[in-house]
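Take a look at the structures listed below.
Note that chain A is present in both complexes that follow, paired respectively with chain B and with chain C.
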Partner chain A sequence: MEVSQLHTQLSAALGDKVLGREELTDREATVLAPSAWAEGVKLLVGLGFDVMIELGGADYSNYPEPKAAPLCVSAHFYSTASNARAWIKAYLPLEGAEIESLVPQFAAANWYERECYDMFGVQFKNHPYLKRLLLYDEFVGHPLRKDYPIMKSQPLIPMRSAVDYEAVAMKRRAEEGKA
Partner chain B sequence: MPMELKQKYPDRVKEADDFDIEPMYINMGPSHPAMHGTVKLVLKLDGETVVGTEMQVGYLHRCFEKTVENKTWNQAIPYTDRLNYVSPLINNVGYALAVEKLMGIETPERCAYIRVIMSELSRIGDHLTCVGAGAMELGAITAFLYFVKAREYTWQLIEEVTGARLTISYTRVGGVIRDLPASFEERFDWIEKQVLENIDEVSRMLEKNRIFVDRMKEVGKMPLERIKSYGITGPFGRAAGLNYDVRKAAPYLVYDRLNFEVPTRTAGDNFARYEVRMEEVRQSLKIIRQCLKQMPQGPIRSKDPRVSLPRKKEVYSNIEGLMNHFKLIMPGHGIRPPKGEVYGAVEGGNGELGFWIISDGTDRPWRVRVRPPCFPITSAVEELVLGEQLADIVPIFGSVNMIGGEMDR
Partner chain C sequence: MSGDPLQDVVVTTKLDKVLGWARKYSLFQYPFVTACCGMEFMAVSGSHYDTDRFGAALPRFSPRQADLLMVVGTITHKQAPILKRVYDQMCDPKWVVAFGVCAPSGGFYQNYGSVPGIDCFLPVDMYIPGCPPRPETVIDALIKLQDRIQNERQAIV
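This part shows the complex of A and B:
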């Protein structure tokens, strides 16, 4: 697979913050250093990638092909002007996975990042409201990580009334306020 | 947009002193007649105006992505039925196409045409349900009944082909499970006439109805900039002028050989979405008509031994056939795509339906990530309803067409 123009442009602009390029079965992805995540996306916006199609995570622990770090955050963008797509990836450690939020650039990032946090435990810095999206607040662990057993059961929680729900939400906000 | 939850009594006392009206909090859902599927919208109201919202999803979370990692590649197909349960065929096709891309398998031409026909039949059902249910919530129950009748015809046709109405599991990696029945074209002729008559009648009924038009036009507007920022595709995006359709932008199957239009509008309100969906039903009928004309005879499954079972005659008479059968059936063998990663997208009922699939070379997927088309649209609801009237949430949410199965997975 030939090195795309996009990858060359990103490498030229970000220097050694571009860690490499992955040749995938049907496309290529540029691997960015987690510290250059938001910067790389800003560059993509400048290059005309105006629609954020998706952001998702994957856990590569024990994957046959070793990666830089096990947790992967992958985002992909579409350019309405040139009908092109751009894939970027960043690899994060399992413990203390943290990356810059893309909410300032794309409104779509809000829920995708919440889902990624929910399923993989990736912390998105400066996210306005990083809260579990599909699971409930008392859920323990991050289910799409490979070390989460499929048959694991969760502790039962008492049934909530509407008022209780509000109390949970307020408690969470209070904790967030402290942090 | 996170909303400020009610601080209890101290504020209330203070506000009362200032003769200030305190906002009212309402839980809309998770089980509400106007909330399709199970979703909860916490609303902060000032009089009738929405001043803050929080959308809470996840009530239909079924651990799709985790479950599929622990099933074989073909066992994932029944799970994909339950993603968008209004148009399950499109999900089946999308998943099968992504896995075939991973393995580098070309399906026979007839199979590609059948997949297009079945996807478009599903799309018709999807749009009819969305518009019909949306109209019903505004009081036009007649429109809903008419559309359900029209949808019933398409579902009957789907049942004749697949043997099921909803949980169809029609595709396999490398093909489809059975051919179209001999009577298909004849039945489709009749159904096309019925559906066209039906939508003409209903559009006359709705578009000249003052109540319907007043509640749809200029309500739930979202400008193109925000649509792009939210990553919204499909009829919702096209109604605001985002001319993007996977079938045109990155044609899959045989869409590049078919002549159809992608309707777009620029208003970006509920009415534009309604118009786009109605027009797409007509285009889908046109696509099926062309497919039936172009479709060749031939096999419906790839002959690739990595994915297709050999004929029974081969299995019982020679060792290669027996080995091939064994390799596909026994646990731990099965379909084994090479190590790799693909992203396959199809145009679902609500927009781009993507499957990001990672394989580690074993008989189970390493990761299957679904990019559900209604996910970004649902995330935009918080912004869409802000500043609108409480009653306007009903038509707005109707035009969003959130499908719980796909949203929560």
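This part shows the complex of A and C:
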């Protein structure tokens, strides 16, 4: 099945809940309204997409320009019958990012969604066990969001701070300049 | 033949030297392997590079039986308490080797997840650079560590 056909079929079934299509380097993604996420995936299953390849997140807060709903959840499906692939996306706001879980359709979504929650703080509704996958429970915040300080770490045990080699070098240069 | 009848039968030395000599040839390593450096560690601890020549061949898989902690690979903040606990379980005297780039410095993982060098919470005796280190580098570090053990003040425990 051609990707453009797929887009047309999704648009016909979901109406204005299909927000558009995005050109990627060698493929296209259909952008769904978050409210139509689970419904769109059910349609894809009906069209023969029987393998979930991947689900991931991305924070486009400042790229290419600031926007109201910058948190992107994207999913990738494959059809073993027709050797076709489908990409869908949804954009969520940073505050109260919430979307339907795909675990009822694909068990493979379980850990992907847990990772996405861990890294981006997306709440997946009706997920059976939405707990951090990679980081520890004591961790505060979601580190792949752009508003998370890039060098901030949250140690579990007492640690001396890492040496700031840049500062050491600057101090040495200043002293050499004085001498 | 000199006048001293004990010259050929008695060697005089210091207790620190004797203990150092004994300890440096019986290193029992505990490999704490977390990442890709482990492959190189397996290579060097096999028969081909033969670390048994330096008395450091036998890995123990309980820290309570080991005195050389080899930290091989990236240590994350999630892993740090576990490594600390492993270190605390080892009996004195004990030494720590940071193997590769990530264990000594965090490597290129300068972010929320990884510890910027295990010396942030452990006393490290030897750093082995390389990503991953060549077996020759590891053997060089072993010899240097033995040198250090030979010449250090020995704790009597």
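Going forward, the second predicted complex is superposed on the first by the 147 of 179 C-alpha atoms of A that agree within 3 Å, B and C clash if a C-alpha of one lies under 4 Å from a C-alpha of the other, contacts with A are read in each partner's own complex, and residues count from 1 in each chain.
Here is the rule we use: contacts are C-beta pairs under 8 Å (C-beta built on N, C-alpha and C of every residue); 3 or more make two chains touch, one makes a residue touch a chain.
In this text, all values refer to a predicted model and were calculated from it rather than measured experimentally.
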May I ask you to decide whether A:S74 touches chain B, chain C, both, or neither, giving the answer as first, second, both or neither? first
Quick one: is A:G96 in contact with chain B, with chain C, with both, or with neither? Answer first, second, both or neither. neither
Max touched-residue count on chain A (chain B vs chain C) belongs to chain B
Identify the partner contact of A:P143: answer first if only chain B is touched, second if only chain C is, both if each is, neither if none is. both
Touching A:P66, do we find chain B (first), chain C (second), both, or neither? neither
Examine A:D50 and indicate which partner it touches, taking first as chain B and second as chain C; both and neither are also allowed. first
Quick check on the superposed pair: does A:A58 touch chain B, chain C, both, or neither? Answer first, second, both or neither. first
Touching A:P155, do we find chain B (first), chain C (second), both, or neither? second
Looking at chain A, which of its residues have contacts with both chain B and chain C? 134-136, 143, 148, 150, 162
Residues of chain C defined as touching chain A within the complex: 77-78, 80-81, 84, 106, 110-113, 115-117, 120-121
Mind listing the chain B positions that touch chain A in their complex? 2, 5-6, 27, 57-58, 61, 63, 65-67, 70, 101-102, 226, 228-231, 233, 242-244, 249-250, 338-344, 352, 354, 356, 358, 360-361, 366-367, 369, 371, 375-376, 378-380, 383, 408-409
Any idea which chain A residues touch chain B in the complex? 24-27, 50-54, 56, 58-59, 63-65, 74, 76, 78, 80, 83, 87, 106-108, 110-112, 119, 128-129, 132-136, 143-144, 148, 150, 162, 166, 169-170, 173
Can you tell me which positions in chain A touch chain C when the two form their complex? 134-136, 143, 148, 150-162
